Every structure is written in structure tokens, then in C-alpha cells.
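Input: one structure, supplied below.
Letters A, B, C and D mark the chains as written, and numbering starts fresh at 1 in each.
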Amino acid sequence: MIPGVSIYEILTVTTLLFFIGIYGFVTRKNLISILLSVELMLNAVAVNFVVINKYLYPDMLQGVYFSVFIIAVAAAETALAISIIINLYRLATSVEVKATETMKY
Amino acid sequence: MDFTYTILIPLIPLAVFLILGINALKIKENVAGIVGVGGLLASTILSFYTAFQYFFKVGKVDGVYQTFVEKTVWMNFTDTLAIDMGVLIDPISVMMLVVVSTISLMVHLYSRGYMHGDQGFTRFFAYLSLFSFSMYGLVLATNLFQIYIFWELVGVSSFLLIGYYYTKPSAVAASKKAFIVTRFADFGFLMGVLMIGYYTGTFDFMALNNPAALQDLSSPIMQYSGITFMGFSVITTALVLIFAGGAGKSAMFPLHIWLPDAMEGPTPVSALIHAATMVVAGVYLVARLFPMFYFVEDGIALQVVAYVGGFSSLFAALIALTQHDIKRILAFSTMSQIGYMMMALGISGYGGVEGLGFTASMFHLFTHAMFKALLFLGAGSVIHAVHSNVLQEMGGLRKYLPITHITFLIAALAIAGVPPFAGFFSKDEILAAAYESNRLLFWVEWTVAGLTAFYMFRLYFGIFWGKERVYKHTPHESPLSMTLPLMFLAIVSAVAGFVPFSQFVSPDLAGYTTHIHMNIAAMSVGVGVLGIAIAWIMYKKETDIADKISSAFGFLYKWTYNKFYFDEIYLFVTREIIFKRIAQPFAWFDKKIVDGTMNLIGNSTVDISKKIKGAQSGKVQDYAFAFVSGVVIMVMVFIYFMN
Amino acid sequence: MDILSLFITVPVITILFLTFTKNLQQVRIVSLVGMLIQLGMSINLLFAYFKERAVNTDMMVFTKDYVWFESFNIHYAIGVDGISVALLLLTSIVVLAGVFISWKVTDLSKEFFISLIVLATGVFGFFISIDLFTMFIFYEIAVIPMYLLIGIWGSGPKEYSAMKLTLMLMGASAVLLVGILGIYFNSNADGGPLTFNLLEIAQVNIPFEAQKLFFPLTFLGFAVLGALFPFHTWSPDGHASAPTAVSMLHAGVLMKLGGYGIFRVAMYLLPLGAIDWSWFFIILSSFGVIYGALGAIRQNDLKYINAYSSVSHLGMVLVALLMMNKTAWNGAILQSLSHGFMTALFFALIGMIYERTHTRDIHKLGGLLKVMPFISAIYIIAGLANLGLPGFSGFVAEMNIFVGAFENADLFRRVATVAVVSAIVVTAVYILRVVGIMLMGPIKNEEFNDLPASTWYERYGVYLLLIPIAGMGIAPLWLSDMILDSLTPFIARF
Amino acid sequence: MDFSSLLLMRHEFVLTAILLLMIVGEIFVSEKNKKNLVFLGIILFAIHTAIGLLPLADGTLFGGMFKTTILTHFFKSVLNIGVLILLLQSGDWLRDKVAGQQKASEFFILIFSSLLGLYFMISAGDFLMFYIGLELSTLPITALAAYESLKQKSSESGVKLILSAALASGTSLFGITMMYATSGSLFFDAMTITASNLTILGFLMFFAGLAFKISLAPFHFWTADVYEGAPISVASYLSVISKGAAAFVLMILLFTLFRPLESIWINLMYGIALLTMFIGNLFAIRQQNLKRFLAFSSIAQAGFILLGLLSVDKLGATTIIYFIMIYVFSNLGAFGVVQAISNATGKENIDDYDGLYRTNPKLSLVMLLALFSLAGIPPVAGFFGKFFLFMAAASQGYYLLVFIGVVNVTIALYYYLLVVRAMFLRKSENSIPHFNSKPMMRLGLIITVLGILSLGLYSPLYEYIFEISNSIFKL
């Protein structure tokens, strides 16, 4: 509950954040930065949960818990993704998206 | 009186056919001959016994010949409509039995000599028996459908016999032609039968040929006669269609084209099928339904019969003048004589002396069968001797083939209508009948009588007199097995005329007495003798008159020689129109359009999948984009529908 | 085990035995014995039927009913009437003949006979079942083995033909399935439970709209199998590529499923729809009659000729079915039977000729009557039977069709009738064309002179098919009366 | 508190136990015995499957976060059997190819944890549990997709999978937040779903995430690539187990939680079903690699599953579960054969199968049955599954959709027959030589074949599902 800041502003921000994430996902050339964009999306969601929880339903903490779990899962996800990307780098000596276009049609 | 045994008359030849047919390859020639002839002899005896019993034992009951029917259901169409199988014994069927048996027996005997040494001997006799079976069945038929069934069967046996020399392309073509043309006619016949069946509710002759019912428009068989088709009562239409079937079998104009080609068959076959018996089936059919033809709508259908018959006889006679193949000449003369019979039926009345035409027609059928069979068998004997059937390659054969010569002469005189031979009486009656009822047709037939006499004697002189030809090996008289039938038939054709035919056969089954009509007889004999005389002048000695005349009437000659180009017209219709213009486009349409569309559906599916493969680009970001846009589209669609 | 279920179990057992066979000889013996038993059973069934019919006046006799999927009210329900009895007899005879004819199949023979008998099982099942669901299952079971049979043992462009045939028939079954489901979900129109059972549905009066919607679907679904114009194109290619026995079975029996299904399902269950749509399908099918006949005139491949003549003959069946009276229907059933025997006989003979001369092009053949008299003579007989010569089954069937079709007095049906009748002429033309070119005339190819004569199994196969053709043609009364009597419940619906 | 209630989580506990056992084994078993861990894992899982079949009471735990009903119980057993077959089929591969690299037990650990995730997803009672289950089922598989660390394709598929998965989960989470905002709770029972715009927006985004897992068009693009790159057992796990579970969950959620939005998602399913069927089939037609081929075919199958959703009642639920069950067996059969051949020869293209029947008749017959079952040809099970789905759709009067569906069956039949053609019709001199498949593989295939042959004809099974599928509405 931040005084003077209505839920709408925050939600607008998070929504922007989410779509920036998507935009980044679709446009980045580098796998790592794509990963970062994914993180952006997830964080947007996490913030969403907290805010909705605090502003609309302050009597329970479901949203907060949820955001905690999101953060944890996101961490795991990132770790896994990074390891796979490293493995890919070992094989393709590149972390560009181009390196992942051998299978198509 | 019980005539059930007559069922054996057809069944015996059937049995023979099955025996010979199933092991055609095993049975030896002489065995086959004996079995075949024996079987037919039995049927013949039965037929004559039947005739004797029918006409003399039973005779007339209160002045009318009885009709005996033995039948059993063969197949049910509906509760009321069914096909029966059975035998119908009345004057004309008995008369036909006699004719068929006699000729068939003679031909069987003759064939034993004529076909001697042919490797298909057994097959030939099997076919002959099949034909005899079918013909008997046709003659004895109790209803339209039965007659149609055996009608088809005689057609197929004729097909088999014409194509007997199946390695000869011309024979194959002829047999095909014969079958298909008659089949085409049978299409009409069948339609007629269907119409009769539907509108009168029965196929049975006894029910159909009931004059009282036919004249009373409320009777069950005439109840629908009010319905008209192209201005005629449906019944009339049906009768005309049925006559079309008959015309096909009897080679009436314009369905006659198959008959000359049919001469490709062995000569005995031509004698049996294409001269004496099968080709007159059409006449028999009309005679069978004569009451219907006569009473329905005052015999409009009968008019058709008369004119078609009359025209055909003239048409055929003209063609016969110029042909060179002796069998074809005989074939055309057959056609013309059948035209006579049709015409006679056509102009006949019903009761008493009125029915002279009917009687005459049947009488002529009877006598004609005898002498025309004789002519063919004689011709066969000639061909057997000189191994050719072209007139130009013959001449002066009378001293080589004395018996054949005499018998042939008798037959020729008979057909030319010279008294006291059989032809004279029947032809005289026909002309008399025509004179009474239709002058135009009378004069036509009178001319035809002259023409007949002329071309017959052209043939006769051409073969047996004229200039001596050089033959590869000198011709010799045929064996007894062949000449015996000739002599027998010669005697018959000489005396058959004295049978008091009208006593036995008349439309109303009552019978009556006829006398020679002197003036008409004089006219017909006169024109006949005239024809003979001209032939004598032109062909007795080797002269060039014939060529002069033929060149004088150049194009007329060419026309008649080419049978008025009828074959060509038919060829054009079948080859050019039906095959090229109809069937071929159909085949194309099927291959390209119908099948094409089916394949198109399949191929286009595959093509689409080729086209869209790019979507699976392998770029994870494209996938993401697709994912997001998928969501967006869903949302937009939802918004569109909700608001 | 009841008398009818045996018709499925015996083939299945035969198949099981086949899987354990070691060599070609065993394969032949097993399949022959199995199918002999099958034939024996159908003959036995025929007499049993007559005996039963004398005391039992139900539409279907020997009915058995086992619940299968309770919640859908799907049953394994079986029963027969005169029609199905006749068709069962046809099937078992043709299958047995097929076994004889394919005696010489050596490549993967075990698999061949297995698939052949699987096909037969489907057909048997189809004819005995009175539950739409089981009917549909058997229908597809009968269709699918064709792919392997044509694809593996066929000739010519076999992969193309096999795929085309399978897909077109499956596409048809797509339409059919919609129709069947439509019937099912309207079978509670009178408030009863939903059911697939033919007899129960027949008691319900399905609303007219539903009938109008689902009749064409059901009709088409079956009619494609019945080679209705313009969905016939699978049949010429399929037959041309298929091995002999398969063509026999397919043209002789499988295509009959179409007409039977149309009659038993589409028309019996949806009479109003049938009346409403008949004009349209009469146009198609009567056109198909002429079309097939004319198509046959121009073909040079024996199998194509026969395939197109099948299109024409089965077109007659469809027309007759749509003519809506007992006589025509009787004709249709008889035509199904007679065409089944005749076309099977034709394909058998074609197979023999091809086996010897290695060509099916009639212009390459000639004068066969001299070199292989038995086969050629039978071919001529079959041809004459095919063009409806009295004394053979074709005549009986066609006359029933014609008379029945003629019962309709309105102009439209009259025209259709005349068109159909006129086919007898065209038929004669193409039959005689083949006979003239191929069997008669001089011998075209000297090698033909020393061709082997027909073997015992070929003769058995041929006789097996020839006897019923002649039998039906000479003494049709018992058969046609049996069928006529079974038609009463159908006519009652119209 | 009474711990006996925890027995409701029997599946989860037993599986966790096995999981830990495997880890322990991984740690303590000596190098040369690592191979035998494969047997250990399979045997343990077999035991787990057996235990799973024991009856289980309905009930909820953790205040409704975790629910189990006879239906979920049944479905978990289906998944167990599926995984068991899958393990049997990949056992030889693990022993011969992988065990050398000391990674055999990892495979089990990851598979089991993913399965655990599916369990939680299935019996989730609120979105948190659901989310955890979802991620827990996805992440290990992404690791497994990249399992063959020496193959670039494998890593590539791993990358593609994890990135797309992240995107998907992100999207669905965002949707969840919206629904949370409108309904004020994350507990399914406590949530009051109303057809407000925000809720529907949220639902759609959430659905996208689930659709990704079921690989419905247009969220399916990852499928083919991942399947191709990943090891076959992983591909088959993705296409059979996780897809099936996700479809099951989708059904439960739509039928219970999102019932208020029925009018909306019915149309949505209608459209998606059409799209998915066509996309799947049209792409499958021209595939050469069997893994891609099966990927697209499984997409098409998913499209058929949606037909069942159109009738929101017992019938729909039953047909869907029944179909999934049959689909598990059929697809495992197909994948099994592909794996057997790929293990023996490394060949994965349709052309390589030319003349297979003449060299390996048994395998070809298994493949034939599996493909016919996928295509829906009687009398094998697939036919019944499809037919009943069509009945479900038709029962609501969607005849047009049914028709299109059957047309798609025909298209599908075409490409399945292409494989049959290669195996049976074609002859080839360099066709795959004869080989005897390993005992475990053989066992796995035999089980699938038995399933394919019996499941359809044995009606009591369907009736049983029909009985228990009531409980879905009690959730």
C-alpha cells in the first residue's frame, strides 16, 4: 500500500513491463537477452500478484505467496536455461538465436 | 384333351444341346450327328403327332378350333403380374411346330453331309439343337414374356451360328451385327412388352387376344387404352414397338441390314434360321397378337405392319436383282417374301373370309419355308461343289449336279408362283386379299411377284445354264445325306399348295374354304412368266444384254447393287456418331473431368501442405510471435463478439 | 454360439489358424477348409431360414442381441431376412471361388489369405448386423484390407490405385458416419432411448427435417461404395490394379454393401427423406447406367471394361432402389446377386487370361477361343449372362428392375426407365466387342498357341460361380419369392 | 492434526520416495553397477504403478489446495502405466547408450519429477498448486530434451522448449493475475468466475499457457522441433504423458472452474479444434522424419480431443478420458517401434522403412496396429475413441464439425498409410536388416499391443470411466 499511488498506475507499469518482455523475446538476437526478457515478464507477473493482493484483497496473502513461488521457479528456470545454453555454446560456439535454427519445416 | 407332352418337343433338343455342348471337345463327329438328328427326329415325330391330334382328333368343337394351354409360374413380378412358362396349342402354333420340325430335321440331315469333316462338327450340332429348342419354345409360348425370352435365345443361337467360323473376321463382324441390330429392335420389343404389362396388367395371350375384351374399352385389359402417347393409344404404341421387335428379327426395312451379312454362317444355318424359321418369327409374333393388332384403335398398328411389309418386299426385290453372291440374292428374296407375309397380315380382316390375308400370310409362311429352305440347301450343295458363292464363277452346272438342278428348279418355280407349285397358291391368296383391301399394295406386290420370278431365274440360269466355267476340280453331286433332304423338300414344295390351309388356320379359329381367284391368278402368273421369260432371254445363253441394261440404268444399278447404301449409313451412325462423337468424349470426360476432380482434391491438399511449410520456420522467436499473436487474435475475436 | 455369429467366428478362427501355418500348402488348405465351412454354413442357413420363415413372421429372424456399450445403448445385434441370407450365400460362394482362383499366390501368401478373409469377415458381419454401430465397424473392416491387398499383390500403378480407393471409400464413410450419428441422435424422436438398432429406429418416426438432412449423407456414404456416378472413379483404377481374387471379392461382394446399406439403412430408416431426394439420385444413377456402359465401349483394358460395366449395372441397382416398389427392389437385390456372381466370374477369367498371356489389352489378344477353349467359352457365357440373356441371372434381375421401374407412371421416371432399359443395347455392344476382338478372329500372337490349359482349381472356381448364375436364371421363382416376401416391411414404410 | 489424511497423496509420496531412492542410488552405487540402476528404476516404478492401482478415497488436503477424486486417481494410474511402458521401451537405450555416460539415473529422476508435477497439476485445488505442478512437469523435461548433451539438435530442442515454456507460463501467469484480481482468490472453490471482460481476458491468456502444453494450434510450433531434437523417449513422453495430462486438466478446469464462461470457450474450442486438426494434418503429410511426423500427428490428435469438450457433461468427460487412454497406448506403440528401430540402426526416416515388413514383420505389425489405432480404423481401439468423441460432439448438434473431423481422419489416414506403404508395399534391397528387439522393449510393445487390441472392444472399461466421470463435477 503505497500512499498516493493508485493500483492503476502500478498495473499499467507491470503490464508495460510484461509486454516489453514479450517484445524483447521476439526481437532479441541473443539467447541470453531473450532469457532476460522472460525474466521481465515473470517479474511483471510477480509484481502484479503482490499489488493485487495488497490493494484489493489485503486480508489474505495468496498473491504474495504466489509471487514468492514465481521468483523461486523463475530462478530455477533461468538456471536450467543457462545451463542448456552453455551446452549449446559448447556445441555451436554461439549463443545467437541463429544457432537454434537447424530443425525446421 | 391333354397336350402336356408337347413340353417334350422343346426339351429334347435342349437335352441334346447340353449333352453336346458340355463335352463339345470330346464327342466324335458321327456320335454327335446321330444324337443331334435322333433328338430332333423325336421332336419332329411328336410335333406331327400333335398336329394330327389337334386338327383331326380334336378338330373343331362347335365350329371353332380349341386353344389348349398348359403353364406354370416361372417368376412373380407383383401379386398380379408374373411370367409363366408353358405351352399354347392352337392352329398357328401347331402349324409352326410342323414347319420348324420339318425344316430343322431336313437341315440336320443335310448338315451331316455338309459339315462332314469340320472340326467344330459337334459344336455345330449343339448350336443347332439350341436353336431348335429356342424356336420351339418361341412357337409354343403362352405369353409375351415367354416369347420375349425365347426370342432372345433364338437371337443368341443365330449369333453363335453366324459366327460359327469364328476365325473369319467377316463372320465375326456379321454375327456381331446381327446380334446388335436385332438387340436394338428387341429394345423396342421389350418396351412394348413392358407397356402391355403395365397398361393391360397381363402378358398372357389368352387374356390379351380376347376380341370381346378388346372391343370393350372398360374391360381390364383396355382400361388404360384411353391414355395416349403421341396421339395414339398407349396400347397401339406398345403394339408398334412390339412390331419393331418383330421387324428386327424378320429383317424388315430399315432393320434388314443384318440379314445379308448373316449369310456368312454355314449354308444349312442360312436355310434353317435365316430363311425358314427364325426370320419369320416376326410374322408369327404379329399373327400371335393379331386380334390385338386388329381391334385396338381399328388396327392403326396393323396399317404400319402392312406398309412396312409392302415396302420391304419391293425394296428387297429391287436389291436382289443386282446381287452377285447367290446366298445374298436368296437372303434378299427371303426379306421380300417376308415382306409379303407382313403385308398380308397387315391388310387382313378378322372374321371368316375377311381373314383371308391372315390365312394367306400363314400359308405363305408355310410354303415359303419349304421352298426357300430348299433353295438354300440347293445353293449350299452348289457351293459345296464349286467352293464359291459368286454367281459369275458358276454356270452350266446342270449336268454335274442333276438332282440339285431339278430340285432347285422346282423351288424356283414355286417361289415364282407358277402353278401348280406351292408358291402359286399362297401368293395367289395374298394378292387376292390385297386386291380386296388395298389396291396400292396389291400393285406393289404384283410388281414384286414379277421381279421375284426374274431374279430367281436369273439365279437359276446363271448357275445351271449360261456359259460353262472352268472349275479347279470338276464339281460332283453332293452325297445322299445332302440330296435326300433336297428331294424331300422338293416334293413338299411341289404339292404343299394343295393343302386346304384356310380350313385350319384363320384369325377367328373357325376356318373357311377358299377358291382360286382366276383373274388375279392369271395376272400373277402372267407377270411371273414374264419375269422368267426376260431372265431366259438375258441369262439362258451367255449374252451381254444384262451388262447393257445395267450400264443403261447406271446410277440406279449402282444404287441397288450397293443396297441403297444402307450399310454405309449404319456404319456412319455407329462408327462416327456413337463411337467417335459420343463414347469417346464420355471416356475423355471420365478420365479428365470426373477423375480429375477427385485427384485434384487429393493433390491440392498435398500442395497446400507444401505451401504452408514455411510457417514452421525453426526460429523460436517466430514461434513466440505466433504464440502471442494467437493470444491477441483470441482476445480480439472475443472483444468483437462480446461488444 | 448362434447360427449367425458363426459367420464371424469361423473366419476369425481361420485367420488364427492361418497365423500358425508354416508353408504354402498349409495356408491353402486352411483357408480352403475355412471357406468351405463358411459356404456350408450359408447353405445350411438358407434352409434353416426357410424352415424358420414358415413359423416366424418377424422381419428379422435368428435375431440375437448382446449389450455392448451400455451407456450408448450400443448392442451387438444380429439377424437376417431373405435379402441378407441371399447376400451371405453370394459372399461365401465368391470368397470360396476367390480362394480357388488365388491358389497360385506365392508371394506372402499367408498374409494374402489373411487379409482376404479379414475382408470377407467384414462383409459377413455387415450383412448379419442390425445395429448401425456394428454395421459401420464391419463396413470399415471390409474396406481397409483392400489397401494392403491391392498395394502388395496388385499390378500396374498399384500404390496410386490402392491409396485412391482407400481414401475415397474412407471419405465416403466420413459422410456416412455423420449420417449415422444423425440417425442415432434423432432416434429418440418419440421420447424413447437413443438407439442404433435398425428395427427399433424403424418404429420411431424421425422428423422430416432430420430425414431430409441425413438421407443424402447416408445415401452418398454407401453409394460411393456402390460406384454411384460421379464417385465411381476409384473403381476402375482399383479393379485394374487389384489382384484377381481381390477384384472378384471387391466387385462381387464389397460393392454390394453399398446397395444393401442404402436399402437397409438410408431408405428403410429415412423413407421421407428418400422420397424427397429420390429425383436427384435417380438422375445421377440412371445417368451412371448409360455413362458406365458408354465408358465401357471405349476401354481396351479388360478390367476397365468390366469395371465400367459394373458402374452401369450397379447404377441399375440404385435406380431400382429409388423406384420405390417391391418389384424394382426385388430386381435390385437380384441384380446385386447376379452382378456379384457375374463380375466375379469375369474377373476370375480375366485373371486366368492375364496369367497366361500377360496382357489385358484386347487388341493384343485374339482368337483365344481356339487356344484356350474352356476359358473363352465360359467368358462368352459370362458375357451373354452380363448382357441379360434369358436363362441367366442377369435377365431375371433386369426384367424385375424394368417392370418395377415402369410401374411409376410419371414422365420423369418414365424417361429414366427408358434410359436404363436402353442400356441393354449398349451392353450388348461392348460385350460383343470384347468377344469379337479377343476371343474370335484369327490368333494375333503365335506364342498363344502353346498356352497351358485351365487347371483344376481354376475350373472349380469357375463352376462355383457359373452354377448360381445359371441356377438363378433358370429357376428364379424360389429366390425372388423369398426376397419379395422379405420386402413387405420395407414397402410398408413408403 | 490427523496425518492419515496424507494418505490421499499416496501417488505423490510413493513417487517421491522412488525419486529419492534413485538419487541415493545415483550417489552410492559404484560405477560399474550404474547400468543396473535402470532395472532398479523400472522395477520400483512398476511397484509404484501396482500400488497406484489400489483404491483411494476421495478427499482434499491443505485446505483445498490438493484434491483427489476417483477420477484423478484413475487418471494418475493411466499416466503411471503409460510411463511404465515408456520406461520399458527406453530401458535398453538407457543401458546401452546412456549408462556409459553415467546419466541413466538422471533420466529417471527427471522423468519421475516431471510426472510428480503432472500429479500435482491434475489434483491441484488452486492456481498456486497448479502453477507449481505445471512448472515441475515442464522444467525436468526441458532438461531431458537437452539430455543428449553431445548432440546439438538435442540442446537446440532444449533451448526451444524452455524458452517457449517460459513464455507460455509467463502468459498464463499474467492471465491468472487478472482472474485473481476479479475473483479475489486463487482457490478454485473460492473463486467466483463471472463473464467480466477482465476475467475472460485472463482466462484466454491462461488457456494459451495450457494450450501450449497440449500443443494446440497456434501454440504448437515448438512441438515438431523439440520432438525431433529430443531423445525419442522424451519426445514420446511429451506427446503422450504430458499432453494427455494437460488435456485432462484442461477438461477439468473448463468443466468445473470455467463452467460460467461456457458460452465463450465452447466457440473457442470449436475454432481451435478446427485449426489444430487441419494444421496438424497438413503439416504431417509431407514429413520425412518419423519423430516430426508423429509430432504433427499428435497435434492433430489433440485437435480431436477438443471435440469432446464441446459436450459439457458426463459424455464429453468420459469420451475424452477414454480417448486419451487409448491415445496413450497407440502413440506409445508408434514411438516404441520408432525407438526400437532407431536404437538398432539409428534410422528415423520413413524411406528407411521401405520393405520393413519383409525383414522385421513383428515390428511392422505393431506399427501397423498403432497407426491404424491412431487413424481410427476398427477394430483396434483408436476407432472407438474417435467415434465416441464424434458422438460427444454430435450429441450437441455439431454435425458440421464432426464432418470436418472425419474428413481430417481421412487426411490423417493418408499419411499414416504412407508409412504403411513404406513398410508393406515397398520392396528395397537396402531395407533395415532383421534384428531381435531387446526383451524390455519387447515387453513394452506387447503391453501396448494388448492395450490397442483390447481397450476398444472391452466395453466395461468405458462403462467404468462413465461411472466415475461423475466425480468431475463434484470437484
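Quick notes on this structure:
The rule we apply is simple: a residue touches a chain if its C-beta (ideal position, glycine included) is under 8 Å from a C-beta of that chain, and two chains touch if they have at least 3 such contacts.
Just so it is clear, the structure is predicted and the values come from calculations on it, not from any experiment.
With centres computed as the average of Cα coordinates, no chain lies farther from subunit C than A. Annotation: B-C is the more contact-rich of the chain pairs B-D and B-C, by number of C-beta pairs in contact. Nearest to the common centre of all protein CA atoms is the CA centroid of chain C. Subunit A and subunit C have centres, each the mean of its CA atoms, that are 66 Å apart. Subunit B and subunit D, compared by their mean Cα positions, are separated by 78 Å. Between subunit B and subunit C, the centres computed from C-alpha atoms are 37 Å apart. Between subunit A and subunit D, the centres computed from C-alpha atoms are 27 Å apart. Within subunit A, contacts with two or more other chains are made by residues 22, 25, 34, 100, 102-104. Subunit D has residues 159-160, 163, 167, 171, 224-225, 414 in contact with two or more other chains.
Among the residues of subunit C, those touching two or more other chains are numbered 167. All chain pairs that touch, listed by label, are A-B, A-D, B-C, B-D, C-D. Interface of subunit B with subunit A (complex): residues 613-614, 616-621, 624-625, 628. Only residues 159-160, 163-164, 167-168, 171, 197, 200-201, 204-205, 207-208, 212, 217-219, 221-222, 224-225, 264, 267-268, 271, 282-283, 285-286, 411, 414 of subunit D touch subunit B when the two sit together in their complex. Within the complex formed with subunit D, the subunit B residues making contact are 602, 605-606, 608-610, 612-613, 615-616, 618, 620, 622-624, 626-631, 634-635, 637-639, 641-642.
By the touch rule above, subunit D contacts subunit C in their complex via residues 315, 318, 372, 377-379, 383, 387-388, 390-391, 394-395, 397, 399, 402-403, 406-407, 409-410, 413-414, 417, 420-421, 424-425, 459, 462-463, 466. Subunit A makes touch with subunit D in their complex at residues 18, 21-22, 25, 31, 34-35, 38, 41-42, 44-45, 48-49, 52-53, 56-57, 60, 62-63, 65-66, 69-70, 73, 76-77, 80-81, 84-85, 87-88, 91-92, 99-100, 102-104.
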